[in-house]
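What follows is a set of structures to go through.
What follows is chain A paired twice: with chain B in the first complex and chain C in the second.
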Partner chain A sequence: MQDNTLNGISILFLFLLLIPVIISFNPRLSLIFSSAIYLLLSVFLLFSLLFGFTKLSLMLPFSVQLNGLFGLGNAANSDHITYLTSIPYLNFSYLFDSLSLLFGFLIAFLGFIASLYSVNYLYEEHYKNKSLFVILFNGFIISMLFVVFSANGLSFLIFWEIMSILSFFLVLFEYEKEESKKAANLYIIMTHIGTFFIFLLFLYMFTKTGSFSFEAWKRLGISGTLSAAGMLTVFILTLLGFGMKAGIFPLHVWLPKAHPEAPSGVSALMSGIMIKTAIYMMLRFYFEFMKSYGWGFGFTILLIGAMTLIYGVLNAGIQDNIKRLLAYSSMENIGIMLMALGLAMIFYSQGMYLLCAFALMALLFHIMNHALFKGLLFLGSGAIASQTHTKDMNKLGGLIKKMPKVSFIFLIGVLSAATLPPFNGFVSEWMIYQSLLMASSVNVEIIRIFTPIFASVMALAGGLAALAFVKAYGISFLGRARSQGANNAKEPPFLMLASMGILAFLCFLLGIFSFIGLIPINKAVKEITNISIYKNVAISYGSIVTLPKYSMGVISPIGLLLAGIVFIGAIYLFIKIFGNMKTKVFETFACGLENKNVYNVNVNVSDAQLIGQDACEIKSNCSQYSSAGFSQPLRRIFSGLYNIKEHLINEEYKRKYFFPVKNYVFKAGDLFEYFYNSFAEKFLEKISKLRARIQGGVVQTYIAYIVGTLIILLIWFSWFHHTL
Partner chain B sequence: MLMLNNDLLNFNAVLIGIAQILILILIAPFVNSYINKIKSILRGQQGRPLFQGYKDIFKLIRKEVVLSEDASYISRFAPYIVFVSILVSACFLPVFSSNALLSFTGDIIALVYTIGLGTFFMALYGMDQASSFGGLGSSRDILIASLAEPTLMLVIFTFALQTRTTNISRIFIDIHKNGFLNYPVSYVLALMAFLIISVAENGRIPVDNPDTHLELTMVHEAMILEGSGRHLALFEYSSYLKLIIFITLASNIFLPIGVYGGIPHSLSSFSFLTILYAIAFYILKVLIFATPIAFIEISMAKLRFFRVPDFLMLGFVLSIISLVLYSI
Partner chain C sequence: MLNITSFIELMGAFVLFFAILQTASHRVDFSIKVYSIQSLFLSITIFVMGIYSNNAELYLSSFLTFAIKVIAIPYFLNKVTKRISIREKIVPYINMTNSVLITGAITIFAFFITKGDFASHEFIARRVFPTALAVILIGVFIMIARKKAIIQIIGFLTLDNGIILAATSITKGLPLVVDIGVFFDVFIGAIMAGVLIYRIRTSFDSLDTSKMSNLKE
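For the complex of A and B:
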């Protein structure tokens, strides 16, 4: 009965999901329809996560008939569906356990927000082939859903590839742009290298179990027959394969290039949830398919997480492209998640399941929070880009007056991303700090010594993230417009605002009443560790508590907020009674320069011709700080970790001394991209030199090759073949 | 957990908590004036009177605010948010008693991040008026704050590891009970690291000069250069409070004596004399810890901005040594 229900519901949703594709000739209608479906789907997935499937047969009485209509086979387990195909080993089997339902819920929910946003966004950005966008966009979300619900290695790989290729097309969506082409190229190459390792990994698992089904792999994990060398192999392959998708430290190069190039709704999905499908598979491998490994694996992940964190946040600070800044910040957050994952693995390997449950809860909560606030920030950056026609922060500024609603929503996103109270990022970061503190009770000397150092790394990253987001918000929204485009910006249409507003509200809600978010997460944690720690963690007054036995800590975000409100009221009253509430508005002192129609010279000139068009009519302030100027101290202090090119070019040589026109060119590249490129260059050079020597273009040499081959073949034939 | 809930319901504990906040608010301008006075005396000047801080604040509150025409709602709200974030984090601190007012809402990590909220909004305020100094100050200040943060967290974790809690009151009670003589070297190094961090976070001399408005060297002052009237008063007051928070944290952790202990269960058993002693002792401790700041400020020159990371690195190394000594 239950299987039939499940089958029926999934078929129903598949049909519903096809409709947007079918009616894609009308993109607006199609997107509205798909957002409704994703909302329905996310509610359904959340409901089934919280209450289980058993109550669903009441919801849809006709599902049985639907199922009968198609006559599909069922698996034995209640949360599995399997469709057999005629290709050996290829079964399309799906599993709906709490972990996959949680990720599925996040995908569907973010899909709902992104499609709601895209209804207006597509028309704001004036894309040419909107129908194509709708098809790719829906296909991308559906393939992500299939990725997390897949329960068979081969079918997983098929959907993983579909997901990668559709996102590749979406990155390439503005194919006329040189930047998009380069980014998409890099993305498809790197993601395929990752898939190659995943394929190797799955083949390795196949040789160990003789099956591609996750069920069999799970049995392998429970039986614990995998040798130490086997586990090391699996560990390295998962790290390379899934790490490529997640964007971990040395494999991150594609992430900050590809995410900014996609349309904003897609960037939100890619950063918000796609990179986390890799974390999802890591969870499956490290907690279900492997068992009783040493603490070294967890420690390695912790270390890689710390490096990803620092590298990401340092690079986020110096970016001028607002979407690239956000992409690097995603890398930073992946680092935080990996640190939590590493801690959970350490606890898991030491058999401390209670602590493992806490760390996992922190991890999953951060995944949820990051999906919300990074989705919000990418959507907000899309709103900026569509109104001002630039993503370069050196050309933004003053948007808070032009688009006050977006600025307020974006401020909430920025505060959450900078992990400040009372927003959601802070709570999950606090939980990860507490997990780090708990790691001191692990009976391994190295971990005990290193935990405070990891905490200080996280603190440094937190501070630098605040720097990056002060820059992102301060340069783009505050001050004065730095270009004509920013000066002409207007508030975006309603649906864009509404979709961002929902996310902002959730960021605030989960920051204050964090226990709401912890309820569904607890289900997934319970499934992995068999411990339900929700009651231990959340108590009344909306407090979050750690496990008192290991480390004692309490925060109550609601208490923080209330105290803040009380104090603000008190101060306001105090000043009202004893002070002066008058305000006079006057011009800013501009260092003696005139506040007239001049253009800020300090501009990132990746496309220098725009200067000529922009230098007119706007009231700008010459001495206002620019984005490149804001991050200059950071660039200088950590200069060894960046790959920066900056020049000051004299534009007009005659006016060398009096009012010279100068052009400042600044380009921030990724250090590792530079390494890879120079390595690849040298490698290719060697190869091509070798090739040039072999294929010299002299006919005699080619004849010599033919003669040589003939001789070798004759020898081989006469020596080996006569034995037959 | 039970204990904390009981504390929450205990009316007297709430009274003491409120008294602690009031004490902090009251003595904050005084301590700043005290440091200035000592500096003046060391320079051979007479110096401003000890109550100048209060006069300044009242003078500023009564003046009208002049806002830039480019300023947005950020400028109107930021001073309040900055001040309140500092004030809320002050509520997590045990001052003269071991029980803080809001010890159940925030721990020492929350304290760092709540102060961070203030820094964040102050940096936004600096950029809101489209002036060059504001951006300059924001850029420098937030960088120094973020570079100081790892050392602060390391010192915090050193204590949290020993006491197995991040709750400030608990850390404080534990240290008070066990005494710091168990790990003397470790404590001295941690204290030195903490001093460096306090100097950096509060913009005192080797890192930033609070008395100057020279554009080359300004950090904190540059951000609030456009501030005036009540906004400036709030910014000034929050910097006083921030200093007193760090001094309180240092004096209570590194000199854990003379603290008002238990919570009386009825109003009649309040012994006001003991409380007064504790308060007097607390103020004495604060003054003891404030004096070296004046000496450092008078005897050192301000560092070049790009030397500041080296100075902070010194703090980081000291805290690492302290941690390693503790671990061994």
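For the complex of A and C:
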């Protein structure tokens, strides 16, 4: 076997990963250092993905010396690393195949961005325990890396738990806030329920194979000895266990609560990549550990994906908290990914490997794209929150003038997330859409019937996502400042801008030269399906995404961009030639009137009243179109799907009729959280009544229960078993 | 004829006798004394078993019983009772007369359920095992039927004596490591319980565990 083989470079990285934790007493230095390490690591992982892990580690300079340094000699020629321990079944073994390398690359890269961002962000937000943050943050990234590289059930569970617990502490990072505590509690409870199902799943696999190693499970998959009932068990347990982490439809409750509460760098990581580790494990289970299942599994996932999608996007539309809006949008994207996964499974079960490879490629590409643009958006929202000290969109506004760079970068993220053409979100969602349309060629009646429905659901969701992001951008960046904080906002420091800029650039790059992103993904897809689809997808001009055999989808992102440029240029010229191009600059919302007094009543007041004037101005600015107002149509149309509390409260009772001061209170809760809560309330009430009857609080009764049991057992024993 | 087996059984019977006497005790210091004497008989039983089966580990076990249960724990319990000055009488849920009657029933029950060919392998003393079982059940009965926390501890210690008697009678002595572990466990348990009693006393002004149900909600 390949026990105890590993190469020097991996060990070197392990040592390097420890350094940020060691020098955490200086958070700034530590974060700069860790960002450098993650950059190196991501480059290493990307290259080893492209050129092969074992080959690359030998190709690099000094690698032979490094192997010699750690006493490894020439043993380092395997992509499988195992450390044996003295505890039975617990081996720390790691697998560096294309799929795990792809995810590892994404984690390392996003870790690089997030730590670069946090260098300044930590000091902007004035957190108290900066060193603690550094330790938790690095531990979180490292544990995610170990999760995707683990090739043993038990060691996977260990790192999975570390990942969950560290992210729990990061959600709880601002522990004085009641919101954070509630969110963190919900998160830890739900994630542990998920882990419970994962544990059951792994135990089930253990009973079938007698081993916790993924190798053995893979062999089980190839041999196909798992019965139909066994497959159903595995399917349901994976759905419950990993679905909890991914935030699939009925299990999503923690996601929109926990993600906004973490520091922004961490929310970017959680939304960008942590929830996708669950998708990664689903891929492993559905394509490696299980084979030859029916189309039902894929269809179920497709259905759940569609529900997650529509539910997430509907809730994203009505949120006032910008980070919660982004979290619901993450849920929506998980839905899209699940739909792609379900499609891939359907094609896989029907033996249509080419289409399966295409759907998988779309899935992995969307994972990559979502990591980029959702990371960007969360970082951007963190930049807003750190400058304005609020996440409530009803208190933002007019930021485009205060922070033009952030607003430009954020716009790119918003356009990607709303899946508009020159950006990456569009390409991957288009690919998923294509594979959904191709599902009509599957020879199953039900799937053919449902395909147009799913397609229209996805189209609807796309529209609603655009609505949500128009709201996110329009309300917070356009118009006039609705609060003092938004009025005083400044551009964030350089590193925050730079890290967001990198992501924005990549969003643009992958939106146009999509084939660049598809090259590494092709490796992973090839490993799963044994089909190199890259040549089929990105033919000739390097930018055309298509699948010629099914002759439906041909798209050229570059062509789209050129068309867009030509179109906009034509419009510009048209206006230039035929229109009146005189530009005048007015106050926003001043209706083009040059006299400022028309809008601002109190403009000519003495300096002594300045503060009062500001407050007055802010108050009048609140009469702009607000976030709650923007989403009102959505709330009215889909009122059954929300749990909303709206009140108009009279602030002062006496002034009921003469200019009453009224306060509008709006709270958007999650409908399913409400369901769970009301269910738990009733259930727990019954349980606690029963408990109160049994547990009287008298010590003697407790002992009596024990004795009663003992005596019954003794009698039973002497009655039926006279000999030992 | 008093052969060695009957002697062991006699000593076992004394252990049972003092367990029954325990239920009839009205005062805490008397209870502690009874426990001490019971432990002494237990240690003699183990010692004789050691002679009978020629097992050196049983001598050590007997010595440990003597050191911990006859001397250390009663000394400690006496100290605790003096410190919190328990002068009140033992308050039972079930009064003394009925208690003694119930212990009789328990003893009969213990002999009744062990009447058959209970174990295939050989016993050192066949009738010690039902005796030990009776001691265990009486210990638990004391814990149930009395209100004062300190008597419940004594009930627990009685129970533990019963367990050790049963274990030695069935297995010709536990492995020494297990034995030492059990002794240590009981000793620490008694100390912990003593400290706990002190705490209960200071926070509730009484050792009556029925008052502890106030803690509920």
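Quick note on the criterion: the second predicted complex is superposed on the first by the 612 of 724 C-alpha atoms of A that agree within 3 Å, B and C clash if a C-alpha of one lies under 4 Å from a C-alpha of the other, contacts with A are read in each partner's own complex, and residues count from 1 in each chain.
One rule holds for everything that comes next: a contact is a pair of C-beta atoms (placed from the backbone, for glycine too) under 8 Å apart; a residue touches a chain by one contact, two chains touch by 3 or more.
Please read all numbers here as calculations on a predicted model, not as lab measurements.
Chemist: After superposition on the shared chain, which partner residues are touched by A:707: those of chain B (first), chain C (second), both, or neither?
Modeler: So A:707 only meets chain C here.
Chemist: Contact-wise, after the overlay, does A:699 reach chain B, chain C, both or neither (first, second, both, neither)?
Modeler: second
Chemist: Now for A:717: first (chain B), second (chain C), both, or neither, which partner does it touch?
Modeler: Touch status of A:717: second partner only.
Chemist: Return the chain, chain B or chain C, that is in touch with more residues of chain A.
Modeler: Answer, by number of touched residues of chain A: B.
Chemist: A:420 contacts which: chain B (first), chain C (second), both, neither?
Modeler: first
Chemist: Report the residues of chain B in contact with chain A in the complex, numbered from low to high.
Modeler: Spelled out, the residues of chain B in touch with chain A are 1, 4, 58, 61-74, 76, 80-81, 83-85, 87-88, 91, 102-107, 109-110, 112-114, 116-117, 119-120, 123-124, 126-132, 134-136, 138-140, 142-143, 145-154, 157-158, 160-161, 164-167, 170, 226, 229-230, 233-234, 305-306, 309, 316, 320, 323-324, 327.
Chemist: Taking the complex as given, what residues does chain A use to touch chain C?
Modeler: 695-700, 703-704, 706-707, 710-711, 714-715, 717-718, 722-724
Chemist: Quick check on the complex: what are the chain A residues that touch chain B?
Modeler: 397-398, 400-401, 404, 407, 415, 418-421, 426, 429-430, 433-434, 436-437, 440, 448-449, 451-453, 455-460, 462-464, 466-467, 469-471, 473-475, 477-480, 539, 541, 543, 545-546, 548, 550-557, 559-560, 563-564, 567-568, 571-572, 575, 578-591, 621, 623-625, 629-634, 636-637
Chemist: Name, in rising order, each residue of chain C that touches chain A in their complex.
Modeler: Those in contact with chain A are residues 93, 109, 112-120, 133, 137, 140-141, 143-145, 147, 152, 209-210, 212-213, 215-216.
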